[in-house]
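Read from first to last, the chains carry the letters A, B, C, D, E and F; within each, the first residue is number 1.
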Amino acid sequence: MMSFQPGTTGIVVQEIERAPRDVVDGLAQMGCATIHEAQGRTGLLASYMRPIYSGARVAGSALTILAPPMDNWMIHVAIEQISDGDIMVLATTSPSDAGYFGDLLATSAQAHGCRGLVIDAGVRDLAELAQMGFPVWSKAVGSQGTIKETLGSVNVPVVCAGALVNPGDVIVADDDGVVCVRREKAAEVLEKARARVVNEEAKRARFAAGELGLDIYGMRDRLAEKGLRYV
Amino acid sequence: MMSFQPGTTGIVVQEIERAPRDVVDGLAQMGCATIHEAQGRTGLLASYMRPIYSGARVAGSALTILAPPMDNWMIHVAIEQISDGDIMVLATTSPSDAGYFGDLLATSAQAHGCRGLVIDAGVRDLAELAQMGFPVWSKAVGSQGTIKETLGSVNVPVVCAGALVNPGDVIVADDDGVVCVRREKAAEVLEKARARVVNEEAKRARFAAGELGLDIYGMRDRLAEKGLRYV
Amino acid sequence: MMSFQPGTTGIVVQEIERAPRDVVDGLAQMGCATIHEAQGRTGLLASYMRPIYSGARVAGSALTILAPPMDNWMIHVAIEQISDGDIMVLATTSPSDAGYFGDLLATSAQAHGCRGLVIDAGVRDLAELAQMGFPVWSKAVGSQGTIKETLGSVNVPVVCAGALVNPGDVIVADDDGVVCVRREKAAEVLEKARARVVNEEAKRARFAAGELGLDIYGMRDRLAEKGLRYV
Amino acid sequence: MMSFQPGTTGIVVQEIERAPRDVVDGLAQMGCATIHEAQGRTGLLASYMRPIYSGARVAGSALTILAPPMDNWMIHVAIEQISDGDIMVLATTSPSDAGYFGDLLATSAQAHGCRGLVIDAGVRDLAELAQMGFPVWSKAVGSQGTIKETLGSVNVPVVCAGALVNPGDVIVADDDGVVCVRREKAAEVLEKARARVVNEEAKRARFAAGELGLDIYGMRDRLAEKGLRYV
Amino acid sequence: MMSFQPGTTGIVVQEIERAPRDVVDGLAQMGCATIHEAQGRTGLLASYMRPIYSGARVAGSALTILAPPMDNWMIHVAIEQISDGDIMVLATTSPSDAGYFGDLLATSAQAHGCRGLVIDAGVRDLAELAQMGFPVWSKAVGSQGTIKETLGSVNVPVVCAGALVNPGDVIVADDDGVVCVRREKAAEVLEKARARVVNEEAKRARFAAGELGLDIYGMRDRLAEKGLRYV
Amino acid sequence: MMSFQPGTTGIVVQEIERAPRDVVDGLAQMGCATIHEAQGRTGLLASYMRPIYSGARVAGSALTILAPPMDNWMIHVAIEQISDGDIMVLATTSPSDAGYFGDLLATSAQAHGCRGLVIDAGVRDLAELAQMGFPVWSKAVGSQGTIKETLGSVNVPVVCAGALVNPGDVIVADDDGVVCVRREKAAEVLEKARARVVNEEAKRARFAAGELGLDIYGMRDRLAEKGLRYV
């Protein structure tokens, strides 16, 4: 497998390593916030990345796309590289809010097993995408079209919404945002996330029964020590 | 029919020309993104114009309103001028996020056949508007009220969200945004949009069957020519 | 009952006065926009405060929280102070978009009778909060976690989204935004709001029947006087 | 002289009418804020248009440019059309923050008598432009380059920063912003602006001597009538 | 002296207490960042408040103004209440970017001893204000004018740029921002700030000589304890 | 020399490779826009990175700092690692506008040969930094202080303002923005940039003499071919 500098253009890497399917699927159940905690509060994309509809929660292997501003040519190139279970992650070489992606491309991507799109640019055909159940997290919504003039790359490392994403990293996205898990750490992060969830379930039962965080977490002494005064 | 400079205040133009109803209704089925393409990527309002609820898609003849900041007096004047099938398009003489429009005015507008509102300012009573099925595309949501002190105009050309809208132009709006079609070009744009839709339907079937855009659009040669390397 | 300067840290005020329950519940039915008008267009929080899901409308007594940036320790302290029917109102000592609040804390708060959260910072676990029916109005959505290091206060006056909120003030929030009603004025504001609603109902019937605001409000003379020209 | 719809592409209008030089030069001395008042608070470009350096105040005849996003080809075309005393006004067919203009183009424009640039996009080479004394009002600063691929137009009406600008209109720009004066109203606006300035000079002397606006403008009665209470 | 709820309209409080002149002048020399630290990181106005020119550093007693959106009537009322050494602090009852203040009002305010303006809205006549040496910290720059229609208040507590400011509090503003010091704490804060400055001077000498913060502050042990690895 | 994943915390890399001094100094003379072009329009940091004062133009080797939000501890650690001619490049693990850096730290950094700071966060003491001639490019200005609690890293790769910066890469910054040049490409980029400058100098003379870009670049035929009409 060859590797490239982030930002390299004119390259399509055809073979990338992916995390095991069961690990990816396990991460999907954990959600973005839990995973972000489980891996030491790293890997979060910028909070301006919002889902186009509520309630989706997916995980997949990152198929990275580097695209010029206002140019979605590389998405066509990328779709040929999709493996079942991938999520496309599109970064631009300079900022653009144009609508790179709509229902035709989603039909094509879905036909090849793509689970969703994370795009640091704009998207359109929102009603159709929601109807298809093809989730997208994007920076913008817009009808402004794109051209097909300039090369970018597929499956080189990219900086998407402020986070470095390598091809094959695991992307987890839901209503809370998008987080990137390094492929080689995915199993370990899943394990830690599961432990958090088990722990949280136990806590939830106690909270639901009316117990206070002050007591569950034993916070009272430290608050007193810091000088908190009840009046 | 008299015509006025954009931005003229103190005027209500009572007679305007409108596109034929079947053309307007035809455009409603095409959607904002398709029409924007069909008319050469022109006429799009700024992407900060967002619908207050998802799933609406309407078209109508623009009944234009020019209103002072924080002053919604002209909306009352405009409602008297509504013809069945109109969409009100409100621009301000200087920026304002105040809530110009709520459920009372919507009740009144709807009673006269108005199909929706496009407003480069704020709106309120969101829950009630959604329940009524009265769609609004706005720059802001806010409870901040307005006054009734200063004249604007009705049915003069306005610059709304960065686009020039003439009275009687056709407005098409959906989840992707808002686009303005010149009245005198409406039939021609509809025809082009329909051709695009037919073409897209054929494409969609091929995409759904797994064919690649690379092949459907014959992109491989040009990509190679530009130097794209598969590794 | 002791009172403190806005912004005082290290204090938990345990006893606060609240408005009568029936007044609070009455205000919930009026909605944010009506109340804002009824109290002379005051008390509105900044319009960047948006609900995490549509359709909620609540009122409650403000349990105020002053929290350091990225530090949600005080929420745990505040939950112990909840009385049935309260809404937590969190302001920060300096701006932060971190995710202070998620489903575990919501479970705890709900178990003690809390009706919702108004937070001038970030929130996470959106899907779970919507499922629980725990409404939140926030400045941001984000998975970014918080720490528990520094004291803030509970039930001191706070500046939240640009509005001063005293503990025990009534908070009313819906899709249009969030408004704060001074506790000692709550009954009077409710009465005025009810009068507005009765008046609006009568108006709505007339509008629905096609009567014009121009006539209902007798605006024609003043428009003519200001020089409005019909052409 | 031919005229075109705003937004028409592929056209260069070579002959435009301009306001008399002495009127333009007179307007330059008035400043943006005064002129905006003098023409009834119209014609102001959006306040996001900021000067790249402080202290410039210019007026000129608008040489309008409509340019595609990230494409500055039309600036070269426009420079050939410059008459001594023009200001170039560039609008884009869709939003772009790219750096359309730098010191080379400024050298060329200045050599043909251009007095400055108003651009609803980005600019670069700030240090050099300041050194040359070539003033620019722009939406953005950025090093991001542009291409030369797609036609726009020169000297068609454009919507720039939310205001409609016709070729030959007078542009006045200073630290307070940018205002557009219709060519055919320029003399009248200048007269009104001069009257304002004379009036303001008289006022300034009285203010400097310590007289109060309350007395100069006779505001005390109306304030009392509105119910202002001194306590 | 009477006191009022923040946000009360229709009131001019004529007598307010101010901090001693030498304390105010002392604070002017400390600067915004130092004072913010010295008073426990409180009192800072939002960072969107920017000076209209660089290099000013002033302190003064807050003469507070509450103004309606787009209405600067209350500034005229406020100027009559200026005592030598005051800084006007203007908040609005709802957001506005209009240009409330220009060189005429500055002439008037300066004639009465006003040291500057802090305004959570817009300002104009920037070149003239800079020439006069009248410093302004504002949210916006704009030529958009205001009206004189609606009452606000003078010298009631206001929320300005997210901070509560009482009449008579000390305002300190420079290139770093604006901070508010409670009047009754002003002497104590000055003392603490001076201690910080003395301490910083000593530190500066050591830093300039090449000593490291790691050693001056004895940070090495704690860094090692936290696990920092040098590789 | 060890290398690390972007975002690794708890690490200080003490030995990094740097580009030759004459290459770095050569790049300083080229400026940000020219270099961005010369290296194929890559490496530009987001355009929200603005200089705190006008007119600075510097180049240096990147000493990278990864810092937690609101925590500037790592800057102290980084200063010990400065080599003469370095520029500090600070990225945060999550967004923060706090004021990480002021005149004391600048005194220390300057004493060790640091040429400037590029910081995707806030800065303070602007007047003092300008006086010292210590240039900073930052996302924000603010007096809000930081703490010293959590480890980050020094000299690991970081994502700063959307661009990946490796330790030892060359940073060039001026009024137009900030660009990053890969260390191993620095000499090659310098050569290309010099060729551009020579070329531009020749062009500038021709432009100054009134020659048109249309002729210098031979654009007339292609414009005609694209269908540009002169009317």
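The working rule: contacts are C-beta pairs under 8 Å (C-beta built on N, C-alpha and C of every residue); 3 or more make two chains touch, one makes a residue touch a chain.
Only a predicted model underlies this, so the values are computations on that prediction, with no experimental measurement involved.
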| item | value |
| --- | --- |
| Partner chains that chain A and chain E have in common | B, C, D, F |
| Relative orientation of copies chain B and chain E, as a Cα rotation angle in degrees, nearest 5 | 180 |
| Selected pair, greater C-beta contact count between D-E and C-F | D-E |
| Interface composition of copies chain A and chain B: same or different, split at half | different |
| Centre-to-centre distance between chain D and chain A (centres being mean Cα positions), rounded to whole Å | 44 |
| Chain B and chain D, separation of their C-alpha mean positions in angstrom | 28 |
| Interchain centroid distance [CA atoms averaged], chain B/chain C, Å | 32 |
| Chain D residues counted as touching two or more neighbouring chains | 41, 44, 47, 94-95, 97, 144 |
| Those chain pairs that satisfy the touch definition | A-B, A-C, A-D, A-F, B-C, B-D, B-E, C-E, C-F, D-E, D-F, E-F |
| Touching residues on chain F, where the partner in the complex is chain E | 2, 10-14, 53, 73, 75-77, 79-80, 97, 99, 102-105, 107-108, 111-112, 122, 124-127, 130, 140-145, 148, 150-151 |
| Residues of chain C touching chain B in the complex | 31-33, 36-37, 41, 44, 47, 50, 54-55, 57, 174-177, 179, 200, 203-204, 207-214, 217, 219, 223, 226-231 |
| Chain D-facing residues of chain A, complex | 69-70, 94-95, 97-98, 144, 149 |
| Parts of chain A lying in touch with chain F, wherever the complex brings them together | 5-7, 9, 40-44, 46-47, 93-95, 159, 162-164, 182 |
